[in-house]
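Same chain, two partners: chain A is paired with chain B first, then with chain C.
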Partner chain A sequence: MNGMKIGLLAIAVFLLFLLVLDRSRQTEQFADLRKSIEALNGSIQQLGQGSVRSAPAAVESTIPHVAGAPTTGATPAAAAAEHADAVRDGNPKLGVNFLLPYDRSAFHPEWVSGTIYSLGATSKSLNPLTDTSAVTADLHSTINSELCYRPPAHPEQWMAALAESLIISDDYKVYTFTIRKGVKWQTPSIASKPEFAWIPKDVELTAHDFAFVFNLIQDPDVECPSLKSYYEDLSKIEVPDDYTLRLTWKRKVVTSLSFSMEVSPLPRHIYTRNRDGSPIPEKSIGVQFNKNWFDEERQAIGVGAYILEAYEPDKRIRYRRNPAYWGEGQHFEYLEDNCTIKQPDAQLVAFKNGDLTYSGLRPSQYKSEILDRNEPRFAAFDPNNRKAGRSGEFAWEECQTHRFSYIGWNMRSALFKDKRVRQAMSHAFPKDRIIKDVFRSLGEPVLSDVHPTSQYYNHDLKPYAFDLAEARRLLAEAGWSDTDGDGILDHEDHGKRIPLRFTVKYSKDNPEWDSTLLIFRDELRKIGVDLQLKTLEWPEMMRVYEDKDFDAVVGQWTMDWDIDYFQLWHSSQVDIPGSSNTCGFANKRLDELADKLRVTFDVPERIAIAKECQAILHEEQPYTFFMNPHSIFVWHDHGPPHKNFYLDGVTYGLDHLPPLTNRSMMYWHFVGN
Partner chain B sequence: MRESASPGQQAFERFWRRAAVRGAVIVLAALLLVGIYAPFLANEIAFLWVDRQGAHWPLFADLFNRTSYPRPHDLLFNLLSLLVPPLALVWWLLRRRLGIGRRLALCLGVVLIAWLLAMVPLIPTKSGWSAVWAHRPLSPFTSIEAHAGTAGSDVITAIFAPIPHRCDATYPGASLLPPGSINKATGTHFWLGTDDIGRDVLASLLFGVRISLSIGFVATGLSLLIGIAVGGASGYFGGWIDVLLQRLVEVMMCFPTFIIILSVVAMIGPDIFVIMLVIGLTSWAGTARLVRGEFLHQGVCDYVAAAEAIGVARWRIIVRHILPNTMAPIIITATFGIAGAVLSESGLSFLGLGDPTTASWGVLLEQGRENIRYPWLIYAPGIAIFVLVTCLNLIGNGLRDAFDPKST
Partner chain C sequence: MLSYTIRRLLLMIPTLVGILIINFAILRLQSASLTQSMQQQVGNQEGASASHQVRSQASYSAIENHLARFVRTGNNLPALINVRGWLDKDDVVALLRQAASPTSKPSVRSQAQSTLWLLGHFGVEPLEEVIADDSLVDLHGQASVALTLDAYVPLNIEDLKYMSEQRQDDIRVRNGELRKYRFPAGRDDPDYAEKRAKLLALCERDKKEFAHTSAAAWGALLRETGICDFFYKLFSGNLYSETRGDYVFHLIGDRWYVTFWLNLFSIIIAWCGSLLIGIRSARTNGSLEERVATSSLFILWSVPSFFLGTLMLHHLCTNGADGRAWFPNRGLESDDSLWLTTPAFLWDLFYHACLPMTVLCYASFTSLSRYVRGNLLEQLQSDYVRSARAKGCNEDQVTYRHALPNSMITMITLGSGLLADLFGSSVIVETIFSIPGLGLLLFDAAKNQDGPLIMGSTVISVLLLLVGILIADLLYAVVDPRIRSKYA
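Our next item is the complex of A and B:
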């Protein structure tokens, strides 16, 4: 018996010894790895410096290298844009190249370093045209570039990117692009396998790659119905030579500007080939494209700043910096998206552990971690210094987004067809209190669907103040009173008495809305309105929007830089299944304005129209416009020793690249598109 | 032990002899009273309100206002708060005439009939027939009004409940306040702090007693009903009925109960009554097995044979002869069942599948999980659940020991 015990003890000690040995080796290995990474960093820095030699040297010297030092005054980029502002108001100039030159000032080769780990998500397919998910769009915007960009500081203007110049004909119908020379397609990672050895390397981007995209979109076999509807009016696609692309539109419409200019190329040399490298017959390219072998191999390439290195569904996405990138460099050697952590609490723990170097905070986490100082590694909130969060061990900062949230009232319903009822709802909604108590002041109230910083925003609108007495008065005026003494207002509609009782449907994904609606419910109870809550899973929520199956619904839209009142508010969209006019809003004057806006190119005139549209929406209140949420970004300062590379890269982005133009919340301040 | 005492009395004496059990019964009774009288303990509406128009008793008028108390179980408890004193008197007056069982049945019957009557529209009003329990305008005699009034010029004398807050009212600027903070709207204290949207935790806790007890009794009652019916039929009749019903029981037992509850609630939606029903409908298999065993055991006894010999109807044998003899183990499992149901609901709410519009302890606990740095949101409901479940388990243990023939 004793012998057995001693034997077991000996085995345990041996195992422990092995464990310790393994640990010490691990640190050695880690040190080796670190050395090699640093060596790599050095060489890449040299490479980066080489690639931006053409940028003005003065730019680098004016940018402070120390984190946290405020960059007051205009930076060269902003100054250049401001200078441009004096001559340009956002109107495209006809007959001449009106694009601003490509701006490389946001890149600092000395900051290039390391890997940034953040949260991500994967979708079913990587197909750039047939997969409409935001996740896929984000991925392609990271690995690919567009013909033209809106400069981050001045999104009303256009900047050259893959197109070196653009000339628009006098009738706004013909767009002639000159494509940048010497831009190389990335080589997919599978090209190293022997069976894919046929994939050509160092292929140059030509105008044919763009024509290929337009042809695919217009090909009846390709399954991208929403894209097709945008390009219905595109009548001719011509490629006179390898570096010239000419698009001809049937009609003069404002939307053709961005539909022509914000286009990314697709690698023709891959999508026109079979898996074995043999060419696909011209006729079946469209059919094959829907389910092509390149997607099945989970590959995607572009001409952009990052190369897709690994794509593992529901696990991770990894990008590598593109050393042959044509544009300004990027500050991170690798980007790695973790797709496994779904819970906000787990995300926060992962961030604190360093598994994520970059993340966000929910309002409740912001309150507990930062405002209530439960995590001393975050710097305290300072009302006088918006950048105070950068000084802690974990940096944080509040940033604007380009979204707005709302409660939509279904105007087909007998309850909400009268605008006074909708106005009363807006008066009973304690917007400011909810932003303060639930969203912890992370957001600003909005009055319309335009971002408050946009030139199109109508500042003359008077907000619907929280006023229960006014709400009561409006409801009484609209004929709602408590005739049967049951505490709930009622109203006679087609000979039937209906009580003012309705259900708000909302998605489970935002716990803040639980609290928001419970507070709203409590206020409505005081004026005799009964609000019920119903949470739904996201797919079910999509069905609710598409079928317009609700009395009231909570939603969120992204605010585009381009103003368009057709999609959301035009009466022609009311009865179309799946359309965006979910509330059934129809207004003759707004229809006229929306139509006019689509053919008006002159910016001051567009602003006037947009302001009138907002005034109409404000009066009619099809939505109770709620707020423009702000995000809290948190990140680690984990650069190599003695250097604040991460912090520099991030803080520079936060200071200089406003979010209005960003596609992906995650990358807007790194990928300055 | 006295020779003259009946087996039931002997068991009760054994039960009551243990101090822990006595304590548990007293705590449970106290919780029950707190549940019944919750509106008198935590309410915005004044108990007595005297102004220039005269004296009002708004709290009593509000007890049957569906706008204030939207859920049927609230009405039941409000009704009990009025009926408990007269029923206690009746109980005492009838003690010489009727046994405990009949008195209990009488009281329950009165409550049930009153409850049903209160929901039937029987009272004529100017706009048609209305029920006792109907929607009415909210009372204006609240602590907020009084606070605003004392600040103004009106002379008001009002008596309020010890906690002058509604359990579901969201007070402005009162989000996540620590215990002891002042409510600006009423000038009174939040003794146990507030949750993330500014509701009083203590008021929610008091009203949560109602929810927890309702869940326990409704879910367990339902599972007992099904369990006894299935188990009784299976044990008494035997043969193919037994085979069939036992397979059904096995099927039910194969499902992991909590997972079924999770999926059903996810499908139907988080309503507190759905949760009660689902817990009841999925937890009867154990009871059915137990009852079947007892019936098999009792079915071969001489008294059953005697009853069959004189031609007593089968259902009467089952209900009047065998069932009372199997009651002891059933009551014991029911006690544990109530504790289990309370825990199930807390677990569900904790996972975010609770009814957010209901002030249940589980929902409070879930808020605590979401706001983990605010400990009062965890301790308050956590201790409450712990106390209730411990009391029920102690009572269950006491009953088991008391009914065990081997213990003396």
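Our next item is the complex of A and C:
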């Protein structure tokens, strides 16, 4: 009897629980319904605005072309060739318009359709200046445009984007931009709420919006330390009229070129207002900007190809195509970043299940999925291209990154101050074998810190071949021999015998380096060198680079489009705590060249200087330069878009993105020196 | 019973404080230094997982920004005791020499330098004396940098609300002046004499604020410390995570229930399952069945959970040729779960939670069922069980009514830690099955060295541990008449 009572009670409790759950879900459902109605309202409004621009023909006619633009009939290749004759030497033209016309030829309106999922890391705030995380930079590059566009394949060929023209003064100090007319700011989605009805709609982009950004960066209260350092030399920001922006730099330096041109505007009409629409006093704009209400509402707007539709941290970021975009965007109606899937295996499974439309593969996944053909749905190798597979359910392609990895030798240490020792290390490093066996050929060996496809790359350098006999000879020449018979070479230094035994420190994040260094250790042991491994967490590695607390260290640098040898290699940087010259490299000739390169604007001359710098570095080997890693990019290949596919994850356009997509642009944004 | 409960509750307070202090100390020991955090901030530009270096150059205005961040997090204050009120010229000169000497290690130098920059308002007076002293002219450049950074007061958005307009303007003006009068190059600066005079005049003008009165020094001894700052923020709920840009308790509040329910159910399953297995194997002790069960449980136990989870993900959650998988591969609910009927929603939850719960609890079967078996066997051999058998009870009655309740006391002890385990154990499962819970949050926080977030979640798990212990204590009293009678 007792048991029955308890049973009945349990059933009652369960039913009560169901009831409560049901009720609470109903309120959630209503909230969601209300949200979608609001979004619908927003879209209807946008539709009203965008109707003029929906037809591609109308786009062509509403935006005035700069003289010399390709006619609509010209093929992209022909258009490119035409440019090549005009400004293609890359030398800044003084006194005349430096920019190439905006190139619309890659856009095919008939492709526009579909949804695409990608991945994001942890997302933080949306503040474009104070938050330097990759997610935020990526988000803003999607919703916003820059003054000038830099095609990834030809970084020195600047194109007109938000600036229609740029005139550089004879002393390379004054940059005068003419801003494109008729570009409209997006309207944030909260503007449909009654309390935000004050947000103005259809605001036109003016030069004041750019001046606002520069002023914010220079405002001491705004917390954007990494940007701030780059704009220290900017002395004057003037806006003579709404469509003209004039920047004056204190000194003639090459880097001011990209720092002037790679800037995105910020909506002054929002960031200078309080939540209720009242203006913020001039002096506290900087402090307010660090933590402003617009970020707290999870909003961001720009003038770019996409509108931020929903931003849910740690869940998803969703974009919609901007119908009023001034240029030609990517080929998708919607974009969505999924931020929940973080583990590489989980990402792969999510990609296979169709949760993600495109993704990346690690070297080990590349081996098991594509090389070993464990997953038949991945396309087989293209017959005429070993670096892609396009005919299959999952297409894939090998892409270049803009990084190089290295092993750095601390030249302050008694072991590595002799260049012959460093050269011997490079001879003992079986670079090609490691790239083939450990990295599955996903990488290209490099000899210096310049990308192999760049025109600055010195192709005359002779690689340090894997040659243990030569390494042994160099070590013997430098005075290293095994006097105590323990199998390890040693050397007399300040009256003490020191063995050639050292530790190499590397980050845990790249599992491939474990195998790489184990192979290296085996080779070194054959010539009597004892290498020990120590892996550290990334924040700890930061400290190692910072304090130069290592004998040998593994690292990876982003390669810069604006070639520069000052920061990494100039001798003035050796003794500064926290500087980037971690190895303590000092060379008189290189100092001269690095200083000269910073003020030389002429491209052929720059190339000559850069090549000489590379030759010096190659001879001295402060780093054993390793490789430029390649990554594998995979996507669902659904074939050409069809009307029925409208919302169904069509990725046809991906096929036509250049190998260095916008995604790698992200790494260049405000990076560099 | 009441006095027993109150006693237990009071004992929890010193335990909690002790644990928090130890935690805080460990965190401070490994927290990022100023220069390191400067590097890291730049590194974040690339995303933490990319882990490669970015070229950057620090300027003094950038350092001011980093300082502002440090001041906000309370990392600029000494951890436990603040003796900066007694800092004098000699100490500062020693530090300046250490920072300037080219022979010492870079780590020592940057350490000395950031110590100087983080001295706060107590650093101003001794640094002023250094600059006023003509014999120390070689240190003037570094001293001026340190002085201007120590006297610098960053304005926060909260300050705009609570500080008077006049004071705000004063601070702005002074910050601007400090920036102007800085001469890092020392004597080589073209305006050296003028800047130096103006800087000294400024310090003289605001003397009151920077003075080392004994009241200020003693007042700061315990008040202006990292731990004081931390406890204040903790108890007022203002713990702020810089890497996430949100309040810690808000972040935890958004996620705790996912982890909580998942773990609660897997614990219940693990306990019920292992109780059954344990009883069964105690009663069939020594038989072939029991041996097979034990050895297979141990084999299962030795499979690491990340391995099993990944295997399941690849083989049970990946779509096959027919485009369908056995189990969902991510999350705890479908994308359209909001629009399902409530029973369908519950089924959806269960379907999604199936594999994660399996991975969470399969290993506990072995250990828990071994405990049950051991305890039960011990009880079954005791005297009172023999008398029960002699009384004529059948074997079921002996086991369930006499032996089992007595063998549960150890299980209560084991259970007291379980609540706290809820928050630690789910990192692996949450990453593999992409469940946005606390485990993932903690994992990220630990990777990014986000002190406040780690501390916030430690506090929660410590509280849970204490609550678990309290419940266990109360249950002892319920189960064991001896304890009850002692406090009657």
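The rule we apply is simple: the second predicted complex is superposed on the first by the 543 of 673 C-alpha atoms of A that agree within 3 Å, B and C clash if a C-alpha of one lies under 4 Å from a C-alpha of the other, contacts with A are read in each partner's own complex, and residues count from 1 in each chain.
The working rule: a residue touches a chain if its C-beta (ideal position, glycine included) is under 8 Å from a C-beta of that chain, and two chains touch if they have at least 3 such contacts.
The model shown is predicted, which means the values in this text are computed figures rather than measured ones.
By the touch criterion stated above, A:Asp345 is placed in contact with chain B and with chain C alike.
By the touch criterion defined above, A:Gly528 lies against chain B but remains apart from chain C after alignment on the C-alpha atoms of chain A. With both structures placed on the common chain, the touch criterion links A:Lys367 to chain B but leaves chain C unconnected.
In the overlay built on the shared chain, the residue A:Val438 is in contact with chain B alone; chain C does not reach it.
In the superposition on chain A, contact of A:Ala608 is made with neither chain B nor chain C. Touch criterion met: A:Asp131 reaches chain C, while chain B stays clear of it. When the two structures are aligned on the shared chain, A:Pro511 is found in touch with chain B, with no touch to chain C. For chain A, the partner that touches more of its residues is C, with chain B and chain C as the two candidates.
Of the two partner chains, chain B is the only one that A:Gly487 touches; chain C does not reach it.
When the two structures are aligned on the shared chain, A:Ser284 is found in touch with chain C, with no touch to chain B. Chain A residues in contact with chain B (one complex) as well as with chain C (other complex) are 345.
Across the interface of their complex, chain A is touched by residues 65-67, 125-128, 130, 134-138, 168-170, 172-176, 196-198, 269-270, 356-357, 370-374 of chain B.
Chain contact summary for the complex, chain A toward chain B: residues 345, 364, 367-369, 372, 374, 430, 433, 436-438, 482-488, 511, 514-515, 518-519, 521-522, 525-526, 528, 533-535.
Considering their complex, residues 32-33, 35-36, 38-59, 61-66, 68-69, 102, 105-107, 109-110, 113, 154-157, 159-160, 168-169, 172, 175-176, 179, 243-245, 310, 313-314, 317-319, 325, 329-331, 338-339, 342-343, 345-346, 431-434, 436, 440, 444, 447-449 of chain C touch chain A.
Put simply, chain A touches chain C in their complex at residues 18, 21-22, 25, 28-29, 32, 121-122, 124-125, 131-135, 137, 220-226, 228-230, 232, 283-284, 287-288, 290-291, 314-315, 340-343, 345-346, 349-350, 352-355, 403, 405, 507, 509-510, 537-539, 541-543, 545-549, 555-558, 560, 564, 567-568, 575, 577-578, 580, 667, 670-673.
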